[in-house]
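Should a chain be cited, it is by its letter among A, B, C and D, assigned in written order, with residues numbered from 1 in that chain.
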């Protein structure tokens, strides 16, 4: 329970995710939800609900001009993130922005720079990083329970909304990439990215996609995202030299399992005709996980980072690392899937940011 | 029940798979198991078992010289497949050979050619093509129940035997590739292959591997093979324009499920701001599958193809198509995973085949 | 979307279930939530939330005296249901009451009678009867898809709150019994009830319980309720002469499956040494189910029944049938589990109802 | 590997289970399979297979007269177990008999007495007691990992063979009861038995059955057996004061799970309005289990008990305890399911045993 006066928040965007943010700001002792803003006033009013004194607004300019708003949460289409966030930072507001942090890394770099300049918090809503399984995964990896990481295989597939302006990588992979960034000891810094994909529907967007990310010391991460799967799978396997962890987010009973099984490599035999390999076939273990809504923890972290004047977990730089992978993936896709070095200068000229406020 | 005199079989190799072949030849009304041959006489004797008059032999030359053997089944290491099969064909025996058909495509081509020349059956033991789920998948695809194939995603992972001379692609992917060859309307003829992999153990072999195979009309197949997974997964999703099929081979209750769900693309909207997409969220359906051992059906097909003087399902050419993909994958792996055209002339000179007989 | 003016509701009880009712009244176009009432004002205020004009009250008497309340929803401990409901009906309010409708059948009969006398709706919140799987089960059974019902086996086990004044039958079995009442063609009218149970903890209450309910034509229903199970199971099997249905409420992918499998009995053979039995091993089928919150459908049904002046689904009589089974089960438990006829006059004198208002 | 000369076995009965016994005797280093005996010579020959010198016989009298047979395994219908076993013991053979040990307890007592008199081994094939999960369950319970046993719930349901002369209790419950006898610290000695059942098909036999067995200290065991279920379930939950164990025998990945969760009862509170109950929500743990065929371990135990002149695990008395429960269940079924004391003298006169040899 907070001992502070609540901070005052406003949510911009009353579409798919905005109502969830609004609900969590409302039920948090850290926050007072002041307003919900959307071009569609009825949609905003529906989020606020009947018999409420939370304000409903349609102008972000008016919202940002208010004195009684400490932070805004931006839950609008990706291409509007940067202009809205820059305007909000410019107006002195702390900013929480949906993933992806922006629709291109140049814009995200501007956001990060402006937040630093104004000494404001810029946080990305990498929601999964606030869920109990991901927090436990990070903890287990950090304490060495898995040993060195050998491979990560992540699958995120379901019947998804084929979108006109975003492909399946930009829609779904930010989840996997932000989790990798959060749990890997050194963050998400692959040397290169390979991407393969298909658009079998002729939708004009990649609907089935695969990412390969070589990690240090010969390890590898792989991500499968798919909008065309009739079954929903949310599974990540993190294989280590000591133990291997399986996160099955849809399992009703056991979402996280740690297997004390694996392959150990001994000294190579002189003749190389048989590998000196041994197997551990030990027990499995499923740590108890607390039941807690991730968004509740996320808005608490936002409040704490503002009060303590520090970067939040999942700050703008985390969003930027995700974006760099996505942009490199797009280049790999154009080069037959070849592993493509990260951080190669993009030749695409940065367009002027649209003014949406 | 067969009305013919049984054909006479011998099994060469009493290691991992040979005993299964021997057991199925013995219990088949189509076959009389005459001999089991292995350099290790005790291992061969153990396959034959006590109180049996089946011969135990250690010399393949002596075996192939016998008049009372119609067919030999070769279940030895991959690099010995070609020399043994060529010797057997040369001795006038029909040949069943374990997957992969040979350790390089040049040798496999020689085998196919010699079998054709001598008018003998050359069959590859693509066991999965004789299992009830795969037979049903082929049938459903052939009759159009899925519509056009949009994507295939196959996962075959477990704690596997890291092998000194074979990587995870050559060890596990022949299963996936032979199934694809069997169920896809036009067989396995991708235009190119991309392969990514890792050897995080430093085992000297790829232990985690991913294959991407572009298919006609914008479709894609992807295969994940992994020796380092603590959990065993055998799952294939075949997405089509009408329905999507999920094969979970380890599900105790429901191995095959057909989903009447998917995404339909209508005419593109003029403004391209929203895609004209609709969703089908229909029922799922799990066809009843007979309980039958695949190897029993396989040895029956071998007998039938010999008697009818025809090519068996899963003939030498099927084995060859699998080998071509594996060899192309190896080249892609050396080129950063880039999609590599199939059928490019291999520059590797064909060495003389070892003489093992 | 409703075309009527919203009806005005108040929720009494802000404990475990009241907040769910409040949330659904608030988000329903049929309803305007006017007040939440609880002896603990902070608990009530927490349900209402900040920046809300919904009233927070602590006196049910004051609440029932208000003119601007059409219906009250009672989510208080079971022993207070009857006095509160009778007072509310007496004050001219329609009543929705949590399960069990009352803590004894005599009290429930008074409630049913008073509602009828005043021409008010008395509805029991048998929530499961408004969930998509149960609605589909009812529909399938009604249209004859299962044929005659042969058996029902229901399991509802989890780590539960051992309660001081309610045993596991009264806590959990109302769910199973109300579902049976809803889906069985003739409602829940077993000829007798058998109950077995144990209190291995020495908690003073049965914590593990089993109910047996003979149904017409040799059929049987069985219910397993358990507070001590570390895993949560919510499963009901309904076996019929034509097909059998399995409802696994916690399955993330497939909650309802209809099996075209079963046993058919032909004419008895003259010698009786072998039964003339045949098996159907057909396909399984999983009907698509809409995603919908049951409580939303429930409050809509409450509004509709009030407007149309008719009995709601899950009316007071449904609650009474459940109560009759529970009371008979208690008698069977005292008689070594013997099947005990329903409807035997209870000898327990009806105490005066407590006055809680 | 055995250092003894193999013992010589014969199998009587070549129906459903006999072939499995024959296969395990053949592949065991402890045994030499000498003969298979069945009235149907073709069926016996099929078990022996081609190119074998194992004898095929049709006369049990001739078989029992042979000097070169140390032990016989009886896999015939239940009503013939006693006469065959008595004849075999009389001929000086050790006896392994399928479950149930006999079709009535009086006959089983004769078998136990004769084996003791002749100093021969009488073993019952309670196969599950030789499986890795059951062995591990016994070990965990014996070492106190679960604490005091509070409840056991066992479910064994599938589409079964409705049999003309055996009901579902006699067909399936011997498995559950023999497991209980094996894992419970004091064996299977309930004070009484309650049984409920139904024959909704009109098959002349109970097809759906429920057993309740009160155990010492307020604990309870319950068994659900069912021939009419379209899905196969093999699940046993053993709840203890310290931990609870779930055995799901059909789970492909995790057959045994130990949950460190439960309910603890503290001192009763003075007012009894709230129970002083606390919950443990700890981790789950899945012990690694060896892969081993139970029948192999079973025939090894038979050989060891013969060589060591000791009672085998799962001896005739274990079979008798199972039979006593089954007979008491039949009486309870006739008394409306009431808990019926075990060991009440059966009034049924013991008929003369049929002579089948």
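The criterion applied here is as follows: a contact is a pair of C-beta atoms (placed from the backbone, for glycine too) under 8 Å apart; a residue touches a chain by one contact, two chains touch by 3 or more.
Source: prediction; values computed, not measured.
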{"item": "Where chain A and chain B overlap in contact partners, by chain label", "value": "C, D"}
{"item": "Between chain B and chain C, the fewest steps along chains that touch one another", "value": "1"}
{"item": "Averaged-CA centre spacing for the pair chain C and chain A, given as whole angstrom", "value": "41"}
{"item": "Centre-to-centre distance between chain D and chain A (centres being mean Cα positions), rounded to whole Å", "value": "54"}
{"item": "Multi-chain contact sites of chain A, meaning residues that touch two or more partners", "value": "231, 257, 261, 281, 284"}
{"item": "Interfacial residue positions of chain B with respect to chain D in the complex", "value": "26-27, 32-33, 49-54, 231-232, 250-253"}
{"item": "In the complex with chain D, residue positions of chain C that touch it", "value": "148, 150-151, 153, 157, 159-165, 192, 194, 196-204, 207-208, 210, 212, 214, 217-220, 222, 224, 226-231, 237, 239, 241, 244, 246, 257, 259, 261-263, 265, 268, 272-275, 277, 279, 281, 284, 335-339"}
{"item": "Touching residues on chain A, where the partner in the complex is chain D", "value": "254, 257, 260-261, 281-288"}
